[in-house]
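These are the structures in question, set out in turn.
Each of the two complexes below includes chain A, the first together with chain B, the second together with chain C.
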Partner chain A sequence: MSSRRRRESSRTNISEEQITQLLSTLRQLLPEIPHSHSHKASSAAKVLKQTCNYIKTLHREVDDLSDRLSQLLATIDADSAEAAIIRSLLI
Partner chain B sequence: MMNTPQQVKNPTSSLKSRFITRFLGALTKINAEDPISSPSPTRIFQRYRRIKVASNKSMAYSVRSRRIWSRAMLSRFRSRRSAFSGRRSSVKTTNCTTINVTINENKTAKGGLDMQTDELRELVPGGEAMDVCNLLDETAHYIKCLTTQVQVMRKIVDFCHLSK
Partner chain C sequence: MRSPFSLKQEFLKKWILGLQRCRSSKKNMSIFERKKVIKLSADVAMASARKGTTCWSRALIADAVKEGNADKHLAEKILGPASERQPTEKVPVGAMAYNKRIRSKKILKRSSVIRRTIKFAPQAARPSSIVKTLVGKRRQILRSLIPGGEFMNGVSLIEETLDYIISLRAQVDVMRSLASASKLVNLN
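Up next, the complex of A and B:
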């Protein structure tokens, strides 16, 4: 019985390490929030919450940029602009 | 902001150029199929929808099936297409429901971290069926791709402003 408990706890420890590592990878991708209390060990829940908020922000930005593009596309000439854009972006 | 140094060749640069090529192609197509002269509000709204879908599609196709989230997104696009043409895509939905049942059982057993990932699972394509490790890994890649999307779209918008 005790050996089974030991085995289970070692399994969860390994996956906890993995999870901590993955969470720190995520935390590095998130934009820094200046006013947050910078405890070195920000909880998993906080990182997940910030991640969700960040993804929602990015979705909204894609929305907003699509909106602006839909209005701007009407005003530019496709062929010449496209070639120039490709050149400028891929450099 | 526009002159971000990109001297170091990283793996995301080829993803970025694939996305740019696809997305610009889609934009040219959308522009060609719409009358430039008189954009009514309905037309502009339709165009906004098409551009948004084109942006997400271009990114998903550029990642191809290398990621769980991109595969989920691509199958979503395909089932939407077949739904419009009237064909049934019941196979995919049955798989999802069986997977969801298993996940719920695991949730009550594990508790803790699984409860907190609920919201994230809804935001990441295909997130409902992933285990926690995959979910976090896929989320990181998904965020990187989203930021690339936003970056490129912003540059295009800026360029349109400049060329006026």
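Up next, the complex of A and C:
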């Protein structure tokens, strides 16, 4: 019984390390919030909360951009010529 | 680390391809229709740029073409002929159950929240504080935001989140560049 507990706790430790590493990578991806209260030590919970908010923001941006593009791209028919131009502009 | 630039190129290429596949459907689409095509082809392009290597990308495409989805035909058109579609061999073992579960997702959602909370309560005493933060409402929200999130856990959930955010950012960047470039072209 105790050996099982020890094994399980070591398993937890390994994934805890992985999770810590992943969370720090996640933290770097998130946009800086200048007015946030926490300084360096943002808790894992805070990172997750910021992550959820960030994903929601990105979803909203995609939606907004789709709106704008549907108005700007007059017809999708004309895309091939414009798309070629735009592709060369972007690359 | 995958190069972000090549991801954008891959996305743009697939997105334009998807848009072109919808070109012939209607001559004069309403703005609403057009927006749907643009958004759906962008999402599908973003997912297929991952070539089936991540769970969220497979889930996104599976969701788009599942039975009962209002835009199923549109999604199938964007994806193109079946021969060109991404391989789905990496779909998890419970694929059949997965599809069935997706259908009754909304109905099960409330009951599953209760079920999961009860399931994890006895473990809450043992894991460390970090693992504990992955239980509960925040994890639930995160899972609802990521396609296929209901079937991910712990480490894989965060890995998928990372990849999803990177892909979303690439998608937003490309769409934004296209919007400003289109504006310039339209001004002439």
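Following the convention adopted for this analysis, the second predicted complex is superposed on the first by the 75 of 91 C-alpha atoms of A that agree within 3 Å, B and C clash if a C-alpha of one lies under 4 Å from a C-alpha of the other, contacts with A are read in each partner's own complex, and residues count from 1 in each chain.
FYI, a contact is a pair of C-beta atoms (placed from the backbone, for glycine too) under 8 Å apart; a residue touches a chain by one contact, two chains touch by 3 or more.
All figures in this text were calculated on a predicted structure; none of them were measured in a lab.
By the touch criterion stated above, A:72 is placed in contact with chain B and with chain C alike.
With both structures placed on the common chain, the touch criterion links A:23 to chain B and to chain C. Common to the chain B and chain C interfaces on chain A are residues 15, 18-19, 22-23, 25-26, 29, 44-45, 48-49, 51-52, 54-56, 58-59, 61-63, 65-76, 82, 85-86, 89-90. Interface residues of chain A, counted against chain B in their complex, comprise 15, 18-19, 22-23, 25-26, 29, 44-45, 48-49, 51-52, 54-56, 58-59, 61-63, 65-76, 78, 81-82, 84-86, 88-90.
Against chain A, the residues of chain B that register as touching in their complex are 17, 20-21, 24, 27-28, 30-32, 34, 36, 39, 44-45, 47-48, 51-52, 55-56, 113, 116-117, 119-120, 123-124, 132-133, 136-137, 139-140, 142-144, 146-147, 149-150, 152-157, 159-161, 163-164.
Residue ranges on chain C touching chain A, taken from their complex, read 8-9, 12, 16, 19-20, 22-23, 27-29, 31-32, 34-35, 37-39, 42-43, 126-131, 133-134, 138-139, 141-142, 145-146, 154-155, 158-159, 161-162, 164-166, 168-169, 171-172, 174-179, 181-183, 185-186.
The touching residues of chain A, when paired with chain C in their complex, are 8-9, 12-13, 15-16, 18-20, 22-23, 25-26, 29, 43-45, 48-49, 51-52, 54-56, 58-59, 61-63, 65-77, 79-80, 82-83, 85-87, 89-91.
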